[in-house]
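Same chain, two partners: subunit A is paired with subunit B first, then with subunit C.
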Partner chain A sequence: MRQLKVALVMLLIGGVLTTVAFVMAFTTAEMQRFGTVTVDEPLDTAFPLMEVSERGYTYERPWFSQKIFYFHVPVAEASFLVFGVAAFYSIRFLMRRRKEFDTKARLAMETAIVFVTLTMITGILWTRAAWGVWWEWEPRLTTYFIMTLMMIGYFVLRNSIEDEERRATYAAAFGIIAFINAPISFFITRLIPSSHPVVFQSGFATSNLIPFIIAQIGMLMVGYAIYAIRASEVRLEERVDVLKDALEG
Partner chain B sequence: MTVADTPTPPAPARQTGASLSWRQFKAILRKDIVMELRTKEMVTSMGIYALLTMVIYQVALSQAGTAFDPRDIAAGLLWLAFVFTSMLGLNRSLVHEKDQGCLEALLLSPVDRPIIFFAKAAGNVVFLLIVQALTIPVFAFLFLQRADQYGGDLWMIPLALAGGAIGIAGVGTLLATMSVNTKGKDFVLAVLFVPLMYPLLLAAVSATSAAVLGGDGYVQQFWSSMALVAAYDAIMLVAAFALYEFVIGA
Partner chain C sequence: MDPTNQEIYQLVLHDAPYVIGAYAILWVALMAYVGIVFRRLMRLEKEVAVLEESMERRNAAK
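Right after this comes the complex of A and B.
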């Protein structure tokens, strides 16, 4: 029960922090401009027309889409972190063979799925605004997509095994081997040419860093809350099962 | 079954661990090959499956027009066929073991679990290579007739195929051991296998493509892709080897 109370408090604080970061992203954070873009045809767009010359129509580059940085990046980093937690508990399960580690690994993977879905949604919105396409087979996007498929595979595997111990063992083995892709996806933008931006190499104003850090802490708190609330739910289910058995026996 | 056929030493002279392991490895591998020679089931089913894939390629490319040269995507098409046939073969190689109770017998016998893994994986590599060797001439005959010259050196293609086959068999043996014990056998194998194979496939297609097409800097592209294939093979073989003991015991 104590964990549930902590989780609810964390959920509340996390929600407040994320909201604060949302407001700060549009108020105190320094506006980043990305120059102009020149096109042949006039566009139906809210972005100001800067210049009309013989070269074409010059518009200001969409700066507004940069604001998604304060949500997309914290959520994405949290997804890698929580996936790592799931892999960690998978290893602990194989070493100790205790059921609680299997449950923890499963709940962490569920939380990771939530973050991965949010990352995908925010990312797709951003690529539409910044690159003009919904999706591009680009190294970071592709490896991240593959990672998502592996997480889905993890649950497909779990759902198709009845025997409890076998399910736990197989899921742990697959969780570990799937996690090998996570560092690849994380570092790939730094290794091979990719159009996905790497913000933290190009320097950063303090006014932008503060909302980012607040959002990151808030997201992690919400993530922990999701995990802990699910954990207390699972514990209640187990208690109900024990009580049922006792009544029937 | 054929484990009994292996010559047993007359007196239980103490053997060194390495030579004993090597004999156990050979015995399991021989069992798989003898069984395949008797039934010819895996190579036939995989080979026919590969042929059917070629027919589907013809349908897929039927509207592409005469200007389109299949050579440009030949490497991708080849690996697509190998992915599907290997999933079929991996599933079969473990389903047999389970249905006939052979896996249990293997687990009861005093053989180290890693040796079972390497022997099964080696068997799968052999069958994959046989199917690849049968598929490539057919593929070349059906799709590459107009392209009378290959761009790269011919020895590069088997090297790329072998590198891919090792990775497929390594991870595939682990995953197939899991998937035969699940409710939806082949479906589960596909869901786990395809995403895990992605990096290997990308590198293997790049290497094969360089070997088929040639052109500027193809040697460099080939070797950098092969380095990725080798790195993937090494990492995944170590991971699968380490996890196999847990999986097969469950």
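Right after this comes the complex of A and C.
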């Protein structure tokens, strides 16, 4: 019960922090100047005209879609971190063979998949706004997509094995192998040419950094809260099973 | 429409539906997930309470 109370407090603080970061992103954070928009008619505007093509008139303009960054990146980084927790408990399971580590790995993977899904959704909306397409097979998106598929594969594998010991062992091994994708996906935009923006590479104004850090801390708190609430649920399920067995026995 | 406003809407708020959509989906999905888990948690707590009561009654009857 103590863990649940801590989780609720974390969830509340995390919710407040991410909301504060959201408000700051639209009020105090500096508007990013790069980015373009294509309109049908020419405009009498101070923003520079970049290109005239059959698609229309392309102007440089403030990059409003960049505001997605303040919640897309914290969610994405939380997904990497929680995935790391799942891999950590998978290693511990293989070393110690204790059921609790398998449960913790499964719960962390479940939390990670929630964050991965939200990263994909917010990312796709940003891609549509910034690049004009819903999806592009560029290095970051492709490696992150592979990582998502492997996470789904983790649960498919778990559900396909009935024997508890074998299921835990195979899932742990698969979870560790799948985690290799996380650093690849994280660093790929820094290693090979990619159209995906690289955070912090081209400098970052303090007014942008503060809401980002607040959102990041808030999102990690929400991540811990989800994990801890699910852990409390699993403990209660185990308690129900023990009581049912005792009553039947 | 005022031309200045029109310009701002065309140039800046072109992305607004995606930004609003991303934030709304993020929070609605997270709240829905936490809400579902909480409902299950409450149900399990009730189940544990009922089973513990049955257990106590059985022990008292012995």
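As a convention for this text, the second predicted complex is superposed on the first by the 223 of 249 C-alpha atoms of A that agree within 3 Å, B and C clash if a C-alpha of one lies under 4 Å from a C-alpha of the other, contacts with A are read in each partner's own complex, and residues count from 1 in each chain.
FYI, contacts are C-beta pairs under 8 Å (C-beta built on N, C-alpha and C of every residue); 3 or more make two chains touch, one makes a residue touch a chain.
Please read all numbers here as calculations on a predicted model, not as lab measurements.
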{"item": "Contacts of A:Tyr170 with subunit B and subunit C, given as first, second, both or neither", "value": "first"}
{"item": "Subunit B versus subunit C as contact partner of A:Thr58, first or second or both or neither", "value": "neither"}
{"item": "Subunit A residues touched - subunit C or subunit B, whichever exceeds", "value": "C"}
{"item": "Subunit B versus subunit C as contact partner of A:Leu149, first or second or both or neither", "value": "first"}
{"item": "Which of subunit B and subunit C A:Ser194 touches, first, second, both or neither", "value": "neither"}
{"item": "Subunit A residues within the subunit B interface of the complex", "value": "94, 142-143, 146-147, 149-150, 152-153, 156-157, 160-162, 165-166, 169-170, 172-174, 176-178, 180-181, 184"}
{"item": "Of all residues in subunit A, those that touch subunit C in their complex", "value": "4, 11, 22, 37, 39, 43-45, 47, 59, 61-65, 67-68, 71-72, 75, 114, 117-118, 121-122, 125-126, 128-130, 222, 225-226, 229-230, 232-233, 236-237, 239-240, 243-244, 246-247"}
{"item": "Interface residues, subunit C side, partner subunit A - complex", "value": "3, 7, 10-16, 18-19, 21-23, 25-26, 29-30, 33-34, 37-38, 40-41, 44-45, 47-48, 51-52, 54-55, 58"}
{"item": "Contacting residues of subunit B [partner subunit A, same complex]", "value": "171, 174-175, 178, 181-184, 187-188, 191-192, 194-196, 198-199, 235-236, 239-240, 243, 246-247, 249-250"}
